[in-house]
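What follows is a pair of complexes built around subunit A, which joins subunit B in one and subunit C in the other.
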Partner chain A sequence: MNAVLSFLKKPLVIALILIVALLYLGENLSPGFASADQILRLLIVASLLGIVAAGQNVVILGGREGIDLSVGGVVSLSAIIAGNVMNGADGGIVPAILACLAAGAFFGLLNGLGVTLLRIPPLVMTLGMLGVLQGLLVVIRNGIPSGRAAPGLSAFVTQPLALGIPGIIWLWIAIGLFMAFMLTRTVFGHRIYAIGSNEHAAYMAGVPVRRMRIGLFMISGMFAAIAGLCLLGYSGSSFANVGEQYMLSSIIAVVFGGTSLAGGKGGYTGTMAGALLLVILQGILTTVNIDESGRQMVFGATLLLLMLFYGRGKAMRA
Partner chain B sequence: MTPTTIETPSARPGGLKLWLERYPFLPALIIVVALLALNGAFSPNSLSYRSLTGLLSTYMALIMLAIAQTYVVSAGDIDLSAGATLSLVNVAIVVLMEKWGGGAGAVIGAMICGILLGLACGVINGIVVAALRLQAIVATFATSIFFTGVALYVMPVAGTPAPALFWRTYGGRLLGLPFVFYVLAALALLLFLLSRTRLVTQLLAVGDDQQAAYQTGLPVVLVRIKGYALCGLFSALAAFCLTGDTASGDPLVGSKMTLYSVAAVVLGGSALAGGWTTVVGSLFGALTIGLVNSLVFFMGTPSEWQNFVQGLAILLVLMAGVLAGRRARA
Partner chain C sequence: MSKLTLNGVSKAYGATLALRRGDLEIAAGEVHVLMGSNGSGKSTLCKIIAGSVRPDGGEILIDDRSVTISGPQSAREQGIGIFYQELSLAANRSVEENVCLAMLPVKAGIFVDRAAMKALAARYIDLFSGVSGDGFAAETLVGNLRADQRQLVEIMKALASEAPILIFDEPTSALDRAQVDRFFHILRGLKRDGRGIIFISHRMDEITAIGDRVTIIRDGETIKTLNLSETDPATVIRLMVGGAGDMPASQSSAPAVASFAAGAAMTVDRLSGAGFRNVSFEVAKGEILGLGGLHGQGQSAVLRAIFGASSEMSGEIRIGGDRFDAKSPRDAIRRGCAYVSGDRGRDGVIAGRPIIENVTPIHYLRDRLMIARPSSLKAKAMPALEAMHTKFASLMHPINSLSGGNQQKVIIARWLIDKPDVLLLDDPTKGIDLSAKADLFALIRQLASEGLGILLYSSEDAELLGNANRILVFNGGSVTRELTGEDRTRYNLYQAAYEAA
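Presenting the complex of A and B:
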């Protein structure tokens, strides 16, 4: 009985149960919600969020109040860079990928340097970086048109690639496997947990804490950049602040996945389920026929309710 | 050893450090003075009585919101719903004042309701974060979505005007002085009275070491809820200033201000980790944001570059604020 209970208390299991329950609810509210086509579409949207959340996840796992508020800005910037580099031609996809990754890594590097060398709290550093990125977006958008996605990229994101499943979902699965392997099987992964649960102990054990932390922010920037590129493929062309929605929802996906904001505890599999859960919830709210105010109230209240299922803080004890 | 060696500077805190300890907002004040000087250098007109009054009445809302944020940060918490609370109070008072006829009684009645509404939002946040023990960043983000929903219910689209009595008073003069000066004086008095209450000390104690505060017998949960209530109260005051400035209701007006309020707290020299904050610093922090924006404008920056230069300047002062604050605490 205890084994069953502790199994049911695992964040991943909670998220999966809630996903099934929500799909069932959605199907009852509007028939066809849980059809294969619809689920594929939800998965595409979830994979965009999930890719951003992968970077957010490692930064949070690394501890010391690790958080990256600049991901939304990087997503928008990357979508614009990609649109201009490829500008509707398939030949431009590879250069676009390289340019986006470079931009993401660059801003991640700046975040990491601020957090480690100047010891600016991550929340403050990435908040300031978000302001810079938003300003940069205005500059870029004034000088050049927003650009278009290459047909190949759009097909990769929206059309079936293999077994009837679009390429972006395969990419997300690959990222999931990669993250699981990295976090559990590599030295780098173990070191993330080490610096996240006790930075000083990790330092004493010879972990290059600063370089690790800079690396985590660079990974976050690069994942956000990949998501921006895919987002361009999903929508065809980029528009202002297209990535803003990912700033806090990526953090919520991580929390729903059972990763503690205190760091050092959690993983990516749960985050994938968390991202899917969040997207399904939003999907249900857009299908039911209520106005925007009601939708927001229900969304906010449901988020609070769902958070109650996850790791609440410890009660104070003397 | 002769007694003179004890008197060496290293044996007692240095003069600068002592000053910083007593007046933690000093770095922020220096930044504000420097920005004022720069503004004056680029455009002497920007230092005129009229421009400064205008700057103050525009940024009074952000000043209030930054102070609101400071009280939760004191206890080591954060409130990402402060801007949504501001929006909600903004639309609620505009709708109530219109419904009640727009006279003096309607204005006062609506403001009382607005304060109660702000307090209610704060108490909800406090219960969610402190009593239900959810993580402050994500929980207050969820409540901000909820409050925004309520604001949209009260006023679905922006644009309902506030009664003339309200914004004419805020933007006008009283006994020859701009009304916003009286707001500032009242705020100073309020902050002074609050600083003498037990609650502010308790908030700082909780923020410094929650476990220790609990073990000395402080009702930690209640103190944190009161901190959020104080934040809701000041968010409502911020909404009054904003309504006086914009003269209309907008259900989404505050959403962009939340992160600025956090930035202003850090610019002022407070520690986001809690336990070491300065409300006066936050006031200067909010002014810094306003002055950076006006400086970028007066420097003649091309319009498309303004946001970028503002963002970069704020990032740089944020870093300076963190470094100066740490030096003061060290």
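Presenting the complex of A and C:
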């Protein structure tokens, strides 16, 4: 009995049960909500969120109040860069990918340098960076018109690639496998947990703490950039602040998945379930005609509720 | 007339008897010195008088009247003031506010009377005028002061309590000569006023300069009270050490004397930094070199500096003839240096992670690994953990599931996969059980016999006397004495630790 209870209390199991329950609820509210086509669409949207959350996840795991509030800005910027570089031509996809990754890595590097060398708290540093990025977006938009997605990219995101499943979902699965491997089977992964749970002990054991932390912010920036590129493929053209919603939802997905905001505890599998859960919740809220502002309120309340359940006790105080 | 009397006061924490029997008598107008080694019970005794610890038995009399001291507030009401060794100041408040903190003058019931406070604080601040150093003023925030100046504020705060009985627990540890002289001058004035003063210090010269009587505490018992004018430091130290103090460390327990023919494992030349200065020594391959002395005389600071964990340092360190100046622990580890801290919660344990991840970080670094393959890591980790006789259910269990002693064994085991050339042990047995200690020292001796150079700092003198080939006694940040062979006795160790730096 105890074994069953503790199994049911695992964040991943809770998330999976909630996913099924929400799908059932959605189907009852609006028949067709849980149809195969609709679930594929939800998975595509969840992939975009899940990719952003992968970066958010490693930053939070690294501890010392690690959090990346600038992901939304990087997603938006990356969508614009990608649109302008490829501008509707398949030949521009590879250069666009490289440009987006470079931009994501660059802003991640700035975040990492601010947090490590200047000792600015991650919350403040990345919030400031978000402000910079939003300003930058306005400047770019006033100068040049934003471009369009290449047909190849749109097909990758929206059309079936293999076994009737779109490429972006395969990409998400690949990222899930990569993250699981990195966190459990590489020295880098073990060091992420080490600095997240006891930074000083990690330093005394020869872990390059600063370089690690800078690296984590760069990874976060690059994942957000990939998500921005894919988001362009999903919507065809980029529009203002397309990535804005990802700041809050990526954090909720990570916390939903059982990663402690205090760092050093958790993993990516739970985050994937968390991302899917959030997207389904979002779908249901849309079905019952709750607008964007209402959805944001529900999301914010969800995060606070989650903190009440998971974060209670030592997690945030540690 | 005796002012404060303690009769048979005792205190136990769980199964540990911190104070077996405390008998003390403080007369009005005397400076009464308490002496005893670390853990002898003198701090517990002071805390009982100050009301922060409730005694289990015995009685306390003030002016021959039996009293109950129920808390710090009650102690103050009974006329007892204390200087705390761990500074108890508010960093973001000014000097004058801190001095008057216990009794802020109040106007109309709620408002702080700033003028009265200034006048009151000025009385005590002026006592140290001329020696309080640059940047010391009534309005300065305590957080901006130097360590010695903060200690002065703490002294002023204790004086401002105007209590008939004052306790000073190591009040001079950070002060310079002139400040100590001024403080003693003030104490003499208080004596003339008929106050009773309890004074704790580890400096023999200060004790003879200011003390009237001394009470010696050993193993939780007050052994004897002597008039300082009728005794000498040697007698006092002999009483602190107890019976067997003159016996040399047992030869059977000491490892074979290391031969310098094997060459030096590490040479340290004129090393200076925060908390220590001009430290020079050589550790031979196969030698266990002990660092002794009172707690916090620079032993840990030297070890951490060698390991690259402190920012400022000058001097020269060589390992096997090569210049070794580690910029960071990472650098030190790469070049064959190992460091085990007694504060495993801060420096060692990666809490919440599996045992395997707590054993492998050094191996990752020294073998430049990228991929962590569980099977090959297990093959490396098991022999290291077995060498320490570590008890655990599985490598995947979190390290927190182990007892303190077993956690420390895991932390030590991480250095055994790729053997270092020099092992730095910084009070490695703090808070672990006796069998774990025995396992640890058996391993340390074995490592020494394999040719490692080992530096051992321990706060337990028995560990140094029983394991070290030589002992360097630290006092005030420098090595003041080297004990070898027959000289390695508890008496010599205490004498060197307590004499003036």
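Keep in mind that, in the parts below, the second predicted complex is superposed on the first by the 290 of 318 C-alpha atoms of A that agree within 3 Å, B and C clash if a C-alpha of one lies under 4 Å from a C-alpha of the other, contacts with A are read in each partner's own complex, and residues count from 1 in each chain.
In this section, contacts are C-beta pairs under 8 Å (C-beta built on N, C-alpha and C of every residue); 3 or more make two chains touch, one makes a residue touch a chain.
As the structure is a computational prediction, the values presented were derived from the model and not from experiment.
In the superposition on chain A, A:L163 makes contact with neither subunit B nor subunit C. In the superposed model, A:V187 lies in contact with subunit C only, and not with subunit B. In the superposition on chain A, A:A36 makes contact with neither subunit B nor subunit C.
Once chain A of one complex is fitted onto chain A of the other, the partner contacts of A:A202 are limited to subunit C, with no touch recorded for subunit B. Counting residues of subunit A touched by each partner, subunit B versus subunit C, the larger count belongs to B.
In the superposed pair of complexes, A:V139 makes contact with subunit B only, with no contact to subunit C. Comparing which residues of subunit A touch subunit B with which touch subunit C, the overlap is empty.
Of all the residues in subunit C, the ones that touch subunit A in their complex are 307, 309, 328-330, 333-334, 339, 341, 346-353, 357, 360-362, 364-365, 369-374, 414. Per the touch definition, subunit A reaches subunit C in the complex via residues 184-191, 193-194, 197-198, 200-208, 264-265.
Interface residues of subunit B facing subunit A in the complex, by the touch rule stated above, are 80, 128, 132-135, 137-139, 141-153, 156, 210-211, 214-215, 220-221, 259, 262-263, 266, 272-273, 304-312, 314-315, 318-319, 322-323, 326.
Of all residues in subunit A, only 65, 67, 69, 114, 118-121, 123-125, 127-136, 138-139, 142-143, 248, 251-252, 255, 261, 291-301, 303-304, 307-308, 312-318 touch subunit B in the complex they form.
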